[in-house]
Structure formats: C-alpha cells, structure tokens
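Chains here go by letter, A, B, C, D and E, matching the order in which they are written, and residues are numbered from 1 within each.
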Amino acid sequence: MLSLKEVHSFYGASHVLHGVDLEVKKGSVVTLLGRNGMGKTTTIHSIIGFVTKKQGEIWLEGENIISLKSHQIAKKGIGIVPQGRRIFTTLTVRENLTVFAEQDKGNWDLERIFDLFPRLKEREKTHAGNLSGGEQSMLSIGRALMRNPKILLLDEPTEGLSPLMVGEVMDVLLKLKEKGMSMLLVEQNIATALSIADDVYILNKGEVVYHDHPNELRGNMDIAYHHLAIS
Amino acid sequence: INTSTSKEKTKEKVKDDSPIKIGALLPSTGVYASLGENLLNGMNLYFEEQNWEVAGKKVEIIHEDTEADPQVALRKLRKLTDQDQIDILTGPVSTAVAYAIRDEVDSKKLPFLDSHAGGNDLTRAKRSDYIWRSSFSSWQIGHSMGEWAYKNVGKKIYVTAADYAFGHEVAEAFKEAYTKAGGEIAGEVYPPLGNNDYSSYLGKMNKDGIDGIYAFYAGSDAVRFVQQYEQYGLKGKIPLIGSGWLTAEDTRPQQGNSPDGIKASIFWDYSLDTKENQAFKKAYEKKYNKRPSIESAEGYDAAMILAEAIKKLKGDVTDPDKLIEAMSSIELNSPRGPIKFDKETHNVIQNLYIVETGIVNGKTENKVIDTIPQVVDPGK
Amino acid sequence: MKKGSIKGILLFLLMVLVPFFLSLYYVNILSEILILSVFALSLNILVGQTGLVSLGHAAFFGAGAYATGIAAIHFSSNIFITIGMGLLFALLLALIIGLLSTKAHGFYFLMLTLACSQIFYSIVYQWTKVTGGSNGLSGISPLDILAGMRLSNQVFVYYFILVVVTILLLFLSRFLRSPLGSVFIGIKENEERMKSIGYNTALYKNISFLIAGTIGGLAGSLYVIFNGFISPTDVYWTASGSVLIMVLIGGVGTLWGPVIGAAFIVILETIISSYTDNWMMIIGVAFILFVIFAPNGIVGIYNNAKRMLFKGQKIPQKELNRIPIKQQTKMDG
Amino acid sequence: MKKENILSLKGLSKHFGGIKVIEDVTLEVTVGERVGLIGPNGAGKSTLFHMIAGDLEPSGGTIGYFNEMINRLPNYKRTENGIVRTFQKNNLMSGLTVKENLMLVLQRINKKHTQWWKKANQKNYPLLFEELEALLQEWNLQEYSHTKVQDLSYGVQRQIEIILAIAGKPKLLLLDEPTAGMSQVETDQIITLINRLPLEVTIMMIEHDIEVLFGNMDRVIVLNAGTLIADGSPEAVRENPEVREIYMGKEELANA
Amino acid sequence: MSALLLQMMNGLSYGFLLFIITSGITIVFGILGVLNLAHGSLYVLGSFIGYSLIMQAGLPFWVALAAVPLLIAIIGLVLEMVLLRPTYKMGHLSQVLLTFGLAYIFHDIFSMMWGKNILVVTPPEAFNMSVEIAGNAIPAYRLALIVIGILIAIFLWFTQEKTKWGAVIRAGLSDKEMVGGLGVNIHFVFTCVFFLGSLMAGLGGVLGSPILGVYPGMEFQILILSLVVLVVGGLGSVTGTFIASLLVGFVETFSRYLVPELSLIITFALMALVLVVRPQGLTGRRVV
C-alpha cells in the first residue's frame, strides 16, 4: 500500500532522515517508535508532503508520490492526524469537521463522529481554539476520519486524552483495522502501540534501527528499551 | 575644507561660451505634477522660439523634480547650485517649497524668479533681494474679485476655500475687499484639501437670502466642487464666483457643463484677445497639441522675463546683483497683458480679468467680461 | 581590539575626511542620509526589536522638528536647549501615543499609530499661527553650540550630525544586545509567554516606544538644524511609510540595516529622479526585487555573500527575520 | 504543626457565556505538597491553572496565595511572586534559540533584565552563563543550545517548555501535562528532575499518564465537569468507583 | 429638518460609496491576510480603464461596468500568481513591501498612460440627473450606488458566511500547510480570493469614477480610506466593513456639516477611538 525506499529528508541544510525504508501493507497497522527528535514526525511529514526537500521513493498504491504537493497527496486518500493537533482555531468545531470532509468516500459522517466523541457535540458551535487540549485531539482525529481515507497517518493521536478516551480511540482504530484500513501510527506509549501493531519500526537519529513483529518485542521488552534509550 | 559655495568658482568663467543655466525646480510627480509639467512646457516653448539662444549665448534649462515636497526640493536645489552651478533659479509650484528654499537662495545670492508659488509672504515678510515673482500673489487673486462681486453679484456672499494656507489667503483677501466695498459675508467654510465629497458643505451653503458663493478650489477639488454644486441643485439658485482655477482651461473639460455661468477672476485666460496671447496660443497648440493652461502662460512669461534680463546684460549673468537689477526694471507685454515688477515688494504688477463661463458648441468656454487694471500687492 | 571596532573607527575617520574631498553637495547628501539614519534606527527599535510595526513614526520626527524649530525661533539659539526641547516634546508625544496604541496588536497597532500620527499631522497642519500650517515653519537660523560658536556652515552641521550619529550607534550597538534589548526581542517573539515568565510586557513595550519616539524626535531636531525649516509633508503618513521602507530594505533588526537602507533610498531617489520622471517605477521595481530575492534586506545580502566567500569558516546562519503582524493574540487551548 | 497554605481557592468559578467550565471550586494546598490533578477531557483542569496563574479572570470566588488575595494581580506579578506555569500547548519564543529562551528567564530571576548598558555576553554576565550551562547539562540539551526552538522536534520543545518554568525558581509550580508527547526515556528524566526540586517547592500537575501521576504525587484531586469530585491520597482516589467510571480506561481498570 | 434629512441621505450614499470602494481590500486582507497596498492602484486602474472605454472609446457605461472589473481581476490574478505567491512563506511585512512597490510602479504607469490631470466619467444617461426628495436635490447616481452597494454586500456576505469557501480560507489563514494536508490546494483558493478582491477593486473603480474622478496619486487616498474602514470594522468580516463604511460615512458627513474645522481629524479620531475601546475593531472576534 505505502512504502518508503531510502528516503532522505532535509530541513534547509540539516539532514534529518538518512535513508528510511518502511512499508505499510494493506489493512495493517505499522507503529513507529523512537525517542524525541529522532525523526518520526519528519517521516510522517515526508509522506504527506509537508517536507519538500527530500530524496528517495515513496510509493502509494503503485505510484511514486515523492514529488507531489501535499494537497495532491492528500487527495489520493491519505488522512492525517498531525502532532500538536493543528486544528483550525478560528473555525468552529463543526466547520473543522465538515469543511474538509469527503463523505461520499466512506461512512464516516458528522453523526458518527459525534457518537464517538459526545464532548464534541456539546461544543459544536465553539471556536476550536477554545477547546481543551483533549477535545482538540478528538477534533483532530474526527477531522481526519471525516475525509474517509484509505490510509491514516497518526502522529501521537492519543496525546492529551484521558485514559478512558485513549481506550475509546484505540477501539476505533482496531475496528478500522478490521475493516481493512491501513495505518501508520507514531506512539510514545509502547504498550498502547503494541496492542494494535502488526509491525514495529524504531527510529534513531533518522535511521531505522529495529524492525520486527510486535510479538517478538512483547516477549523481550529489553530490546525495545535498548533501542529506545540509545541516542 | 571646501565650504565655499559655487558662486566664487563661477566668477572665473566670465567670457567663455558655456551656456547660461536656468534651474527649474518644478514638480513632475506628486499632487502638483500637472502644474509643473505645464510650467515647464511654457518655458520650453519660449526658449525654443529663441532657438535656445539669448544675446548670443546658449541657454539651458535644468529641471529637477521637487515632488512638491520641501525636503526633496531643498535637496534638489543644492544639487542645482553645487553640481550644476546654475545661474538663475525658477519655479516652484508649492509655496511651502518656496518658503523652504528661501534662506538658502538668499544666502547663496542666487537670482530666483518665482514663476508660480503665490504665498503672500514671499514678497512681504520673507522678501529677499534675490527673489522676484512674475506669477501672482494670493492677495491679488482674492482681492480683485471683492469689489467687483459687490457691484455685480450681490450684497451677501458665502465664502468657501480649500483648507490650506493659500486657500485661506485668497479667501481673506476676497473678504477684505468685499466687506470694504460694503458686502456682508454670510458664512465661510474650509473643506480639507483633496476632499472628495462636498455634499454636506454644499448643504451648509444652500441657504436662502444668499446672493452668491465665492469659492477657491483648484484641480480635482474644483472638478468635484463644481460638479456637485450642480448635482445638489445649487446651480441656477445661487450664483458661483471664484478664482480662475475653478474653471481653468485644463479642468473645465472634466466638469461637463456644470461650470456654465461661473464668474472668476484671474490674470490670464485662454480667451484673452490680445496679439501676444493669440500668438502664444497658436505656438503652444502647435507644439503640444493641446490648449495652454494658466501655468503654461506663467512658464512662458517667466522665460520671457529671464530672456529680456539676459539680453540687457548682453549675456553676462555672472553677477547676481546686476541680474536682479536688470530683471527688476523689465516691462513688457506678455500674453497676459502688460506686466512689470513692483520694486518695493518684488511682486508682479498685472491686470486681473473677470471671466465668465458659457457654452459654445456644446462645450464650455470662458469669456473675459471685465478687466481690473494693474493690480498692485500692498506688500504687507 | 576586536575587528568590529577597528572597522568602526576606520569608517568614522573616513566620514570625517569626506568634506575634504567631496563637494558641498555630497556633504549635504551625507548629512541628510545620517539624519534619516537616525530616524530609521529609531523605528528599527520598534519594528526590528520589539516587533511593533508602526506606520506613524513621522509624528515623532515632526514633534522633535517643530519643537526645536519653534524653540529656535522664539526662545533660544543654543543648540542643546533647542534639541532638548525637541526631545522632550517627542518624549511626551511618545508617552501619549504609546499608552494608547501599545495595547493593540499587529495590524491594529499599525493602524492606531497611523491614526495618532495623522491626528498630529492635522494639528500641525491647521494650527497655522504656531506651525505655519501648510506652508511649514521656515526661516530658522543656525544655532550656537557654545556661546560664539555657531553652526553657520553646512560642514559644521555635518560634523555635528556625524558626532550625534556615532554616539547613537555606540549606544545602540550595546543596547540592542543587552539584557533589556533581549526582553524586547522576546516580546516580539511571544508576548504572552513573556508575561508568563514574569515580564510586564506592557511596560516594556511602552519603554521601547518611548526610546524609539525620542530618538525619532532627535532625527527631527537634527533635520531642522540642518535644513532650517520643517513642513507638514514631513509629518504625513507617507514619511512614516518611507522610513519603514528604509528599515525593511536595509535589514530589519540589525544595527547597520537602517543606516544602509536610508543611504540606499536617498541615493536612489536623488540620482534617479534627476534622470527620469518615472523614478517611482524604478524604486517600485527595486522593492519587489528585494522582497523576492533579498528578504533580509541589504544586510542580508551582505551576510549571504560573506557566507559564500568564506564557506569553510563557520559563520552562524541567520535565518529569515520574520516579523509577525499578528492578527489575534493566542492562548493555550 | 500544620503547614502553611500556599494556595487557597474559595468558591472559584469560571463561565464562558453560558458554559460553566469551573463551578464553585474550593481547595487548599499547603507548602511543599505535590498535588496531581486529573479529570476527563474538558473538565476544566487547564482553566483552573489559567485562573491561578492569572491568564484568565475568574467569574467568581477568590484565589489566595499565602495570606494574600491575588484575584486582581496581573499574571507577570504572580510569576514574580513565584507562581510559575507551563502550557499544555507549547508556547515559546519560537524564533529564538534555546539559549536565548532560557536566558530570558535566568536574567529576570537574577534581576539583570533591566540592564541596557552592556551586551549580554559571557564576559559581562559570567554567572548567568554558568547557570545556563548547568541547565543545559542537566537536561542533556547542550547540542541544541544554538538551535531555534521552532526547529526542534515537538518533544524537545515540550522539554524547553518545562525548563522555562523550573528555571523560574517557582514556589508554586503548575505543570500542565508535562510528559505528554515525551518518550519513555524523557518522561523518566522529567520525573526525576521534578522530584529533585527542593521540598519547599509546591507542585500541581495535570497528567493523563496514570503511572507517572499516582507514583509521584502526595495527593490527587479529581475534577469533573468543573467540580471537585474527589480529593485524597493516590490510593484512595484510585479506588474511588466514580473516578474509575468517568476517567479510567478499561486497561487501567484491568491493571489496577 | 429637511437639512438633516439631506445630510442623512448624504451620509448614506457616501457610506455606500465607501463600502463599494473598500470591499475589495477587506476580502484580500481580512480573508487572505495579505495587506494589499496596491488595492488603491487596482481601483484607480479600474477608473482609468473605465474612463478610456466610456469617455474615449464611447462605449456605454454598462459595458465598462462589466468589462473593467473582469480585466482588473485578471491583472490581479497574474500579480498574485507571479509576485505574491513566493511571499506567502515570508510573513506579512514582505507582502506589504511588495504591494507597496507595485503601487509605485502603477503610479508611473498611470501618469504615462493617462497624464497627470484629473479625469471624470459622466454617469450613465439614465442616472445623470437629480432626484427631488423632500425638497432637496439628490443626484440619482448616488441613489443607484446605494442599491448596488446593498447587492454587493449581500453577495459577499453570502460567499463568506454561507459557503464552505469562507471557512476554507479562514482555515488557511491559521495553518496553510495543514489545509494542504487535508487535500485542498490553498494556493488556488488564495488566487481565487485575490481574483475576487481585484474584481471588487475594478468594480469600485468604475462605479466611483463619476463621483470621485480619477488622477494619479489618488490611489494612496483611496488606500488610506480603505484601511480606516477595514480597521474600524474589524478585520475580515464583510459585515464589519459594511457597518464601518456606513459609520464612517455618517460620521464624516455630519462632522463636515457640524464642525467643518475638525473634518480632517475626525475619521482618524474615530478609528483611534474604536481601537482604543475595542482593540479588535467593531466586529472583530476575540479568540481567547
């Protein structure tokens, strides 16, 4: 479905990704782990096209999208829940959800989002900038779902959510997975990450230092900590 | 250290064949750009008729753009004196510029013929030995209409003028003459310069029992004022009089038929029927393919005066005092009629004409209906 | 001694020698450049340092100029007293306008300063008795430095201005990088957070405004001493606009940028307008080229060139100096 | 002897238009206490911090700090007096480098921020620079010292967010989800450093990471829909059925 | 009484004239965040081209009214794509400088093409007269402007508030990159907005010229006037600009009538007052 081959990314002169290889198979969930500043977000941004200075190949359903603009990439069916939520603060909650929605592509609509996050329904007409941190996270997830994407890029989607909400969101992701949605998930909480993953990658200083099936990791947490602690 | 001004150096070049340099400080950008252009056209026309040669010497005009900004003007003046080493200065359009350069001109003993800026003080409190004016003083413009208006328009007049020093000076002069003749000022109002909507001011003037409105506006203000005067139904109800800029040659085409019936006082008009004016008009239209304006005539006159002075000195303009001496005694018949200088004030003595706008062949034309001969500015 | 200060001293000496080589015309242009540099430097404190983009800075120039001019005509011929009057008046005006406008942000601040300065302009314009109205205030005679020593000559005036500018640059080179200076930069970057780490940002913005206004007034005072007149044109918003452009073209937030910007604009305008009436078009094209190809101004070009030349050496890369015109204040969600 | 109260909220409430975000919260915190604050998303936790720090004005009630009523005190004065906060969403001088960000705090703490006559360099301010070095060392951030904050990864920016507060010599430190977005290693580091703060520093911390919270706090307060529903030791709160119902997820329940 | 009525009508018609002139800059600044200092120039360009078509080529007013705005809009489109686009990532001041440069260039083009004199367009035949209302003559053309102003206001209000476009653009203002990440080509949207803003400038130019005339240098007057209205209204909302136009129209008209000496100050004083009392403008929303 989505695969990165030897991707190098740059911010201005600084070289951040050093040849990342990664593959998300159709209907599978890949989690990306790594300490702060190791290039997880940069990987996501390279896929969606926020990072423009990059080399290598990014294949999406048989097409190399590395040189496309982000709106073109997004149109191909990629949904994103960015780090820091990045909801549109001057729009109302409802506008955030509906303005970019592509409801004809799937069955996520306003009603289902509101069912999932009742909190958002209560705040429907509020400016999104006035929402609490967790509510903004919900909105960001909702916004991505409303586009009914084929593949979801999730950059720490549960950040700021209460444990209860984390549970709910993970449930939704699991259901989506069952229905065949592919996902690339960046997550700091290893337990949460492993509960859903089919594949685990660990990034360190812009390079993939570990790639395996989660069961291996689950059985031997030391490996994970080893890779996650070095820097 | 080179603190000397350029004059001492020029002393050495008495009898060579270097041309006489006339510096023209005129705006070609900014609000007064079109006035500056017309003045320059007038000057160029005259010198071209003389083949750019006076008393056997080449004449050259060095034009610098003042942008009607005193600061820029002063910078340009310094360039003209220090770089170009001009012999004579002429211009400017804006009175603020004239005042700003006054001290520098005076201390450098640079002969300066003011060809437009009309602020009274230039030939009153700020008088300088080296500054003479061939154009007009604002007093002349306003005052000339006062008595005439009392006799021919009515006993009660509303006064309006653009809110800047010149507008106020003209209005003051008019009021002075008009009340002295026995008239009564019904009220006065001074909209800002460059105003775009006169409706509320016109509403104020639109009173019963008024015999007329005296207005001083020029350029875009004149166009808008006169048009809105008609649109708001004052035309045909209250007669409008003013200064010649209200119905000037280059504004009337934009005013449609609104100016019909306006009477104004001015020192030159296109319709003036003299030999000199006919010749001037013909030459100007031939060269520029459009009618001359008041400023074109001013430029032409200034050039003529300078040329006469140079002739008197046989082309030797190195001594500023002699040049001033020669210029001050000039008397001639210019397109605007007989003119000479008042040796006391350094201001021009000239006729003022009352012109009335009428419609000829579907277009407005001015007609001189009265002459107020040889108006002299009082100098204080 | 450091390389920077040697360069500075050399430059100063060169400037001292200028009148021995160049004609008075050039000396006058230099004087004018220096005066406008002072003006631009003062605005840079607001725009470059504190991030307050003002479109009303000419008011302070006018305040200094008119106060100095009026004082020179009516009260004193001593240069320090008259300049002092100019500074005092500019300071008072800055106090008032600062209190009114620093509460607003971004574009609203810009428009408030514009409004205040236009009101000041109207007062100057209409109070003909005191200010000479549209004709301006002219006939201001040369002033005394000491009893018997008069700035009667343009070269003396040049030296006087040069000394003032040198002192100002020395002051600013320390001030801009001082702890207080960094507080201003912090406010430019994120005013809300500056409050949260304990800075009374309203106070510092006002201080910045006061300093900028007073130095702007100094520029006005020097201008009157140099030209002997002042007119409302110099207080109009276009004057504020052109000084803002000097700062932007020279290089926002740098020490030398405003000086270079002032020189660039004056030279460009003076030279080009002697050759063509369409100088505005040429300047306009220059602006556009700057925006697209040299967004960090002339100082930015210089730095880039230096980096290219000394690729081997490490010269810290200065990033785009973005000045936010914030539209709304933000707060934690 | 009972310790002195550092913070006492009485009947505090906050309304936005018709929405009641905080309703009649009364609360006392003693000097040196470590208080955790939890509650569902949108319960009003951050809003409470806003009011204590002076970034929002209460609609009703009073805020007492030591023995003073500080309702009318502007936020920067509260910071001067020792109430220092972090933001849930990074809120930094993002165009400045890490060093410059920290310097702004350090110079204020050391009362050097009004000096305008000398450049702020190592020669003129050796002590400040020493402190700076120490901080960078402590947080392992030397390599980022000259990096602009906006060029840092999200997690590192969060670290700066917290350092800015801790460097501000707080008496009452308000941490709004300090470990959100931090990797495990960084989270451990932050907790260690917080625990290393002097005992007289009072800490209030909003945190959704249950492990972090229950493991390190003396007392836990639970906010739901703007009202206090529980207040007690971590153990007690953990066992509280209502808290479990509205806040904990299945997993946590299973773990507990 | 009748004098008062007249002034009311004057205020109203002047207010609508202001609205027509300023709606373009509102759209571009308020929505796009680009402070377009060349707005006045586009307006003046519209007036000049309108003049050429109507007064020189002798075309009917209505033809110019349709053709000119379109032409100006296309010019605006080209400017946006070629010049403005590279500046979006550089912050607002760059755009200020760039559009100011454009204004300078236009200034010289105007005087080269149309001379330095004031030019006036005669209003269409049908409106070239005065209407008698309660004993006062009021130019029919001004009454027509009121109607046109209302239509424009409705159109803009509808576009901004009732279509998804308005929201997309507001989203783009707070985070352009993210809008792209959600599949919308924000550059295209911006171009459209600039197109619309220029269209409004051209429309204002044609409609305003019979009353205000046109001359080089006028663009700066128009610009300042627009900025004042824009700010008083609160950035970006069509409703705000509408209210502000009428407010400024009324305040100016009445101050001219009652205290003519102060009329120069009054608009700016009004703006300062509004901003000091409400730093976000009249209708500006405060996001806390």
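Please note the rule applied: contacts are C-beta pairs under 8 Å (C-beta built on N, C-alpha and C of every residue); 3 or more make two chains touch, one makes a residue touch a chain.
Please read these numbers as outputs of a predicted model, since none were measured by experiment.
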Other chains in touch with both chain D and chain E: A, C
Which of C-D and A-E has more C-beta contact pairs: C-D
Taking each chain's C-alpha mean as its centre, the one farthest from chain E: D
Interchain centroid distance [CA atoms averaged], chain C/chain E, Å: 32
Whole-Å gap between the CA centroids of chain A and chain C: 49
Separation of mean Cα positions, chain D and chain B [Å, integer]: 74
CA centroid of chain A to CA centroid of chain D, Å: 28
Residues of chain E whose C-beta touches two or more other chains: 107, 111, 173, 261, 264, 287-288
Touching two or more other chains - residues of chain A: 89-90, 129-133
Set of chain D residues in contact with two or more other chains: 46, 88-89, 176
List of chain A residues in touch with chain E within their complex: 48-50, 69-72, 74-75, 80, 82, 86, 88-91, 95-96, 98-100, 102, 127, 129-130, 143, 147
Interface residues, chain D side, partner chain C - complex: 46, 50, 53, 55, 74-77, 79-80, 84-85, 87-89, 91-96, 100, 103-105, 107-108, 112-121, 125, 146, 148, 164, 168, 176
Footprint of chain B on chain C - complex, ascending: 19-20, 22-25, 28-29, 32, 125-126, 128, 132-136, 138-139, 141, 153-155, 223, 227-229, 231-234, 269-270, 273-274, 277, 279-280
Chain E residues within the chain C interface of the complex: 29, 33, 35, 83, 86-87, 90-98, 100-109, 111-112, 173, 220, 224, 227-228, 231, 235, 261, 264-265, 268-269, 271-272, 275-276, 279-281, 286-288
Chain B residues touching chain E - in the complex, by the definition given at the top: 29-31, 33-34, 37, 163, 189-192, 194-197, 199-201, 203-204, 219-220, 223-224, 227-228, 231-233, 250-251, 254-256
